[in-house]
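Heads up, there are several structures right after this.
Two complexes are shown next, each including chain A; its partner changes from chain B in the first to chain C in the second.
So, the complex of A and B:
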């Protein structure tokens, strides 16, 4: 049995239960294809994938079940100076190596920030785990320039208001509610929708039952249960951190539309009226093509679309009990109070 | 085989074999019916791959989350909530009534109860453990996949994967344990080990150690109810294995769905409020 703990400290604020945030790979537990008879000649690219027909669940749905990762080094937006849409395999390899190096050297040697474990030593960098191979220079495929469309005046105003509200609430370490929601184990990037590469533990489990598709996000054991039975969306008063999702099958593709966000985990500064449309298509035994389109006229002048394939990975996914072992919050707040006390005493002494 | 058919038999037989004989026959039939009520012969609808279909949103309707042992009504542990937070009486869900604690363990349960506002993991929005998650009062959904059956709970978004094929030992201890499942006729049997010693069974401080072994049996008893029977084994805390049982009810509303109860933010001030920055004096 091999235990891969892939968590890291993001800045100084996340100090989670590292052993609990682990993906465990059990030797010999690789998922066999659901229907080996149809599991031949898997096309390597999404373009060739049109010929591929996914195995079926017992009730005839395309079978997306299993463990998947969307871990990738491809950035959401195309880097400045890059003009092409698709790298050659050699260019992609070089980009991955450069990104892996940057990830391993996040802190400056000899500084206080450097006093924690070595990323590469504990398998925390993406290069040591499965990641979804992708020759694109950006995940964004539309607009064609690979960049998020310009933010509307309303969107800019909202961003300013949110920043002002944060400032008015006081310092980040004044109280727990001022701290980042990921550090507080409420929800983390990658939980989606849309599903984003979480940086680490970017793993998902999909299970299909009658009328439902369930997606478990490893980070903070976030579960999304997507009805695919044609039921209507709940009323707009019911709002959730992850919104409310409704799905349907369009041939080989699971289409999921999500609205009813509560706006407290605004995706890229979106408003609570954000609509996310996701399209999951199994294009090979080991690949799901995942595309999402975000629409929020209050934030962006036009909808935009990204594509981030998911690669089959070894399960199982272990329990991510984040909040239960969140010593970081108490320690950080206690540290901030101790610093204030010390500063007050020094001020008193100097008077 | 039911009472109505028995009445029918009585009518048909009235002139043939006499009322008395029919009454005896009916008595036998009725006796048989009551035996069957204890071990229902209900056959659940099947999934396309032929397994009993347990898909759906289920919920317990009892006071087990207050106390799995029999208990009278009691005042609210929080004064401000008055009658709204008071404890409803319950007949308990433990077979035989009392949990067979080892003597020291019963003392610890009583201490837990006395300090429940500080200690109950539910108050802190911690993962509820097993079997508490099932009867905590929130709905949960069974999603029956090909290799994995998911149990997804509303409270804290707690989730369990029941491995039906790719089964292994628990790789490490956890709140919700490591569950392997199998079918025994109509019954889904879920065998769970690999627990930590941090979860409770209820708000009364009933507890276990990391040696806990839970075997749950989910048996359809009608289209909209399941029998839920749990065997608890933990030699560090209990003198013998013991059982609890209760029905689970299907949420039949057309729009029933598991909603978000992301309770961390509801518990944060309680957990970290004392570390809040105080205004400068």
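So, the complex of A and C:
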């Protein structure tokens, strides 16, 4: 194995710094709030949105259609040691640079972490493509400390029970049924709702028709078809991987409420009774303000809210042929069997 | 790169019962950290499949017999957005692959780095736009 040379890394650093310097300063000018915001104040992008009116679809809905990414360097929770809610443009630029350089670090040959392909080589480091920027220090805007509220005793108990059930089922590579749902291509872990930054390929397509909004997620091609015609939520026994969503327009904002999750793709350990309320507001031709609130008294001490910017990006959404010509699962299970055989031989040899 | 971070995130995610992870499958379960390899051969086929490409590479052994190795790489969709196509890396391109062999000992590997015959890393260039803008290979 060959590590990226030091001179190459230095060159990379300079190029990255120049590139990010150019882009974040523009973003800072565009999105800097007029005054420091508080947790309850309208976010900078929403404030800017008051002056902006989205184009309309033929049936008069605000037009959210197109290709969007929620790739961002803003962390969900505010980093320890950071006390402010909004960075200055210079601070935001420095935070992005630091995070981008951490992503570009080489791993050590001969370590488990090195058994992978190079993200940068395939254009998958976030700074190599469009990513959404703002000046926030965390996506979480409420609670005001930018942290997920404490997990309730019931939520902790559920996490333990889920872990125990997984353990009782055996090793995760003992059988295909034990493998993570993302590896089985059922759904991307954490696909939501709410929409979460997948880390790479964090791309979405929104299509609107009369009475419906469709959101297609690139990672494992999850689709939500959201009625916006006022119909009620189905009865509680009807449950789906991505829950059931119902939408409505509040002025310029698409509000989507989702319940009826099946609990098998729990958002951050939530119960199946999780309620997610999402608010999509187009605040510029190239920006959607995406805000979500999660409520699950069985899991968190209080509801919490985050705002994750979405930036316009290039389409189309590419097919996610998740099973990779059927190589993926077969190779992983073959690897597990090879490990077992080796372990058995070693045990035999030591006896 | 960022694999340290990816592993750390995955470990933390598991500890917290968080379901969001970066990769959709675990490479260390499939490929052997103790079997690093360096393959030199000719591209036979590139399966541009999301989320992981498969490069089929013909590698001659010491007797001149050609073995077809399958090498796993990254998601092609961002490359496509950057203008990379199958014609960018045509069949017949000479490649050196640095990676790790499959645990089961078959002729499969994960391609840590793909290097062209002239020593340049595939899809990596020097123009502005990010840490490592891709370049088209003529």
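What we mean here is this: the second predicted complex is superposed on the first by the 289 of 351 C-alpha atoms of A that agree within 3 Å, B and C clash if a C-alpha of one lies under 4 Å from a C-alpha of the other, contacts with A are read in each partner's own complex, and residues count from 1 in each chain.
One rule holds for everything that comes next: contacts are C-beta pairs under 8 Å (C-beta built on N, C-alpha and C of every residue); 3 or more make two chains touch, one makes a residue touch a chain.
Being a predicted model, the structure only gives us computed values, none of them experimental.
Chemist: Output check: A:196 vs chain B and chain C. Expected answer is one of first, second, both, neither. What do you get?
Modeler: Touch status of A:196: second partner only.
Chemist: A:129 in the overlay: touching chain B, chain C, both, or neither? Say first, second, both or neither.
Modeler: second
Chemist: Mind working out whether A:138 is in touch with chain B, chain C, both or neither, as first, second, both or neither?
Modeler: neither
Chemist: Which partner chains sit in contact with A:269 here, chain B, chain C, both or neither? Use first/second/both/neither.
Modeler: In the superposition, A:269 contacts chain C only.
Chemist: Would you check which partner chain A:314 touches, where first means chain B only, second means chain C only, and both and neither mean what they say?
Modeler: Touch status of A:314: second partner only.
Chemist: Could you tell me if A:260 is touching chain B, chain C, both of them or neither one (first, second, both, neither)?
Modeler: Neither partner.
Chemist: Tell me the contact category for A:324 with respect to chain B and chain C: first, second, both or neither.
Modeler: both
Chemist: Is A:337 touching anything from chain B or chain C once the two structures are fitted on A? First, second, both or neither.
Modeler: A:337: touches chain B and chain C.
Chemist: In the superposed arrangement, what residues of chain A touch both chain B and chain C?
Modeler: 1, 19, 173, 185, 220, 318-319, 321, 324, 334, 336-337
Chemist: If we count contacts the way the header does, which residues on chain B are in touch with chain A in the complex?
Modeler: Against chain A, chain B makes touches at 47-49, 53, 55, 121, 125-127, 141-150, 152, 156-159, 161, 163, 166, 168, 171-172, 174-176, 198, 254-255, 257-260, 262, 264-265, 268-269, 271-273, 275-277.
Chemist: Under the stated contact criterion, what part of chain A meets chain C in this complex?
Modeler: For chain A paired with chain C, touching residues are 1-2, 11-12, 15-16, 18-19, 100, 102-107, 109-125, 127-129, 159, 162-163, 173, 180-183, 185, 188-190, 196, 198-201, 218-220, 265-269, 314, 318-322, 324-325, 327-328, 331-332, 334-339.
Chemist: Mind listing the chain A positions that touch chain B in their complex?
Modeler: Counting only chain A, the residues touching chain B are 1, 3, 19-20, 22, 24, 26, 29, 31, 34, 57-60, 63, 65, 170-171, 173-177, 184-187, 205, 207-212, 214, 216, 220-223, 225, 227, 231-232, 234, 238, 240-242, 315-319, 321, 323-324, 329-330, 333-334, 336-337, 340.
Chemist: In the complex, go through chain C and note every residue touching chain A.
Modeler: 1-7, 16-33, 36, 38, 47, 49-54, 70, 72-82, 98-100, 102-106, 108, 110-114, 121-124, 126, 128-134
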